[in-house]
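In what follows, chain A forms one complex with chain B and a second complex with chain C.
Let's look at the complex of A and B:
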């Protein structure tokens, strides 16, 4: 158990590939901290910097209040699981799981202790029945679980987990997600967990750090980054289908969108004035089909089933809005519909191309 | 591109009919393997059909037989009234788009489109390219190299190449699989609108059930070389033919629980767990299903609800609860069974571990399957 402090770390590969660019964050003792971002964002480099597998060009890493920046990985007492799994091919699953306990670096374990720890881990990961198999007799998903088990089986100050569920199918991933969360809560070990899957991040993280191009875009609780995304990148990173982004102009307490015949109220916390150009973000799951009067009136261009939900592409005043409905409304293509959105679900960003920052409400844990 | 639904003339759309299509791979000294075991499909002119299934289900082999890239062991493939199963691929009049875009990097988009036509010495190739480029609104892309294109634009070029000869049937193999999530949704909508607009009879092969549901007019769910169900997205999702279809389609995955049939008062109910309660089903009493029959019960997490009024349902205990902001997932245990039951809960609700809850579901959303064969009981 330990706190982790990362201060202004940077890492450049070769001459000009900046993998991590001046990143700082603190992880509390026992916290489950998730780093979310697309491939190439610098998530894995950040994790390896903490493990000591990457020498940072600048900055410092402390574990448990001790500066470990120049400490060998072996002596940092962190346990790391990689997306690719390194198992001893000639050893059974049980032997693979026992090997970290036999190394002696984290104390001695009697045979009974070893068996108990291994049993706890295999039960949690649902691989009890595989104990006597060799790695080659396992599926990719099973191998990944064994590799994760090798990390979790020995006590460490810190667990560093790099996309540990990425090779599992959807059902197993959902089940393992819940198991992992329980395990984290039980062992109370500080955990940093890297993923590109926003649902995993929301489900697991006590806090989430969103990364892009080597930089931290926002750190916050799942609720904070969902309700108050710091910029359009963070907003787009969470939720499927992606958040709708529309250009608009502020006018008398309303924001006019599209060709101007469509508008939404200005949220109370947005510091904007009449005539300001803004970008408005509306999540598909926050747009509700209603029979009431409203200002978001349009025609359904596409109605596509995503499972129980129907994804509607609605042509509203020359703009295309994506909305999700439960499918029980019986809305079909060509139908005229009115959409409703709560004022608190309207996100306002500064205008411009590319990703732009949120307007107003800076109560977030500010990043840099 | 703006999304429109205007339909242009569908003079090229034709039906595609598969009859008892079989593919057996035989190799000397080894047991032969039958990858496709007698498939019948009637695809209407202009229809978009998805072949959906896990790897090894026979969907790609089926597509390759239609394209003429695999010989047919037995059975028939017809475009309109024309039997094509014995024709060479080039004579079938089928446009094929593969999983990767397979564009030639040193060639401009225009030359990529011309390449296949020139190789076949097709007359009027330049005109055909101009025409498809107009239709797909991609004139501004013609002089660019593939490296300069976005993923959506590459997809459009690959589509243009499959369509340039104006084929009556279009085959697409995993057309969206290599796009990231954000681009995949956008390109999927574009593809659907284009397909509608031009009315090509189209078959899309995919392993992604959301893609199949959202894209297809009808989908054929395949497993073990056999079509398990062929129907509209609504039919496949709401009325699964068997346990395989119910489990393969839908995310989070459907709850699969052991149950026992209880018939009383002319209604068929199902008991789950030991004394945990029963649920109404829409199985007809006339179906003749006997009281006490052991069955497999399927309930989608989105169709299961936590009852607030303490009415009839399954008594369960919340084991863990995940709040995913858009919704929650409550995984609960039921006395007497090993399987947990997952309930998708509304965003505004919160649950705690150890909380006692009653889980209900509408009768028509409680699916019963034969415990041995997995066939749906109705």
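Let's look at the complex of A and C:
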């Protein structure tokens, strides 16, 4: 168990491919820290920098208060599950799991100790019956468990998990996510978990760091990241369907959107004045369909049933808003509806193209 | 468009006949006969006796005696070179050269495949350029040097000089194998607590075994077929079979074409046997299932 401190690390591949650009964060002892970002954001490079598999160009990494920036990977006492599983193809599952115990750098184990540890792990992960199989004889879900087993079988200061669930199908992924959360070892050991799936991040993380183009956009608890996204990128990264973003102008306590016939209240914490141009973010799941009178009145253009929910595309004063409804209201295409949103669910960003930052909440703004 | 139309009209399994396709097949058959004919001719020659070797084409009375003569005392007296001994020398020289190339070349290929540094490509190209240069270009200085340092006509000297042939081959073939190998497996070994050397031996080497087999076989064949180096740098002690074969052509006296052919056929056997033995290692597929791309 250990804390991790990453200070201003940077890594450039070749001449001009910047994988990681000046990243800093701290992970507390025993914390489950999730790095979330799209592919190519530099998540894996960050993880491998901590493992020592990537030599950083600048910056420092320390584990347990000791600077390990120039320490070889096999001396760092970290365990990592690779996105590709990286199981030794010529070794059986049991031999794969024994590998970290036999190296002599994770402690000394007698044959009986090794067998006992392997047994514990395979039992926990439900792969007892696969011990004598070769990796090529396993399904992806089973390989993933073995890769995870190779992490859990040994004591380590830090667990690093690189998209461990990304190759699994949706159902298995949800099941494994729940299992991961229940693993005792995971809750006791400092863990950094890399994913591009916002649901995994929100479900598993004690804290989440959102990355983009090699930079950290925001660090916070799932609650903070969800409720107070530092910019439109973070806001768009979380939630499916994506958050609605509309341009607007501030008026007497209201923000006029679109062609002006549509408005929402100004959130109490937004430091805006009359006449300011802003961008407003409204999450589809925060938009409720009601029969009351309201200012967000529109017509349903498209209604798609997605299992439990219905995704409505509503034309409101010339703007297309996506809303999620429970589907019990029986709203169909062509119907006139009124949408309601709580004032606290309205996100206000600075105006502009591309990704813009949140207005207000200075303390929670992007860490950089 | 026209092509895909005509394809679409074909029934499954139906063959498309056209002048072009027939011409291509005929051309291939002609090429096949053309390229195999020398081997066929040599086989016939090896079965002819001394009287018939220059007087007959396809009609003759075949005999195995040429093969016996080549390896017998009589053959040694005819050429003043012990063919059996030269066969053994060839095995030692080429085997030694391949082993040295593998021991040095595998780590070199690994380093070249894994680490890019300033000038690494130049270094690799430099190594390959030994193969571009004609052996005759270096043979005179080598002859002088070998005489001076006492390596002339020694097996050690032959093994050393054959590195010029085998080493670039081994390094270049294996470098691409190592480059194709995903780094994740070695990295996993590092995090399991193994040093880079152990990761290389335990993880990387087993994965490129088919490549090692292929490189070793090719290197052996190239070394085996080498003629210029043993011709100039060796004599009775380290002389190889390629040189011994030519002795049957005679140095001014009668040329025994039938014996030469028989000797050449015998000399072709070891590489053939080696190729058949390691054939199963040449099959790739060990890495299947290890890493999902």
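Throughout what follows, the second predicted complex is superposed on the first by the 358 of 368 C-alpha atoms of A that agree within 3 Å, B and C clash if a C-alpha of one lies under 4 Å from a C-alpha of the other, contacts with A are read in each partner's own complex, and residues count from 1 in each chain.
As a convention for this text, a contact is a pair of C-beta atoms (placed from the backbone, for glycine too) under 8 Å apart; a residue touches a chain by one contact, two chains touch by 3 or more.
Since the structure is predicted, the reported quantities are computational estimates derived from the model, not experimental observations.
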Joint occupancy of chain A by chain B and chain C, clash or fit: fit
Partner chain(s) touched by A:78 [first = chain B, second = chain C, both, neither]: second
Partner chain(s) touched by A:311 [first = chain B, second = chain C, both, neither]: first
Which superposed partner A:104 touches (first chain B, second chain C, both, neither): second
Three-chain overlay, vertex chain A: chain B-chain C angle, C-alpha, nearest 10 degrees: 80
Chain B versus chain C as contact partner of A:167, first or second or both or neither: second
Chain B versus chain C as contact partner of A:140, first or second or both or neither: second
Which of chain B and chain C A:67 touches, first, second, both or neither: neither
Touching partner for A:55 - first (chain B), second (chain C), both, neither: neither
Chain B versus chain C as contact partner of A:113, first or second or both or neither: neither
Chain B and chain C, minimum CA distance [Å, superposed model]: 5
Footprint of chain A on chain C - complex, ascending: 182, 184-185, 187-195, 198, 203, 206-207, 286-293
Contacting residues of chain B [partner chain A, same complex]: 2-5, 180-182, 185, 188-189, 192-193, 209-210, 213-215, 233-234, 237, 249-253, 300, 302-303, 320, 322-326, 329, 331, 342
Residue numbers on chain A that touch chain C, as the complex places them: 48, 51-53, 72-74, 78-80, 82, 84-90, 99-100, 103-106, 134-138, 140, 143, 150, 154, 167
Interfacial residue positions of chain A with respect to chain B in the complex: 38, 170-171, 174, 177-178, 181-182, 199, 202-203, 222-223, 226, 236, 238-242, 285, 301-302, 304-309, 311, 313, 315, 320, 322, 333-334
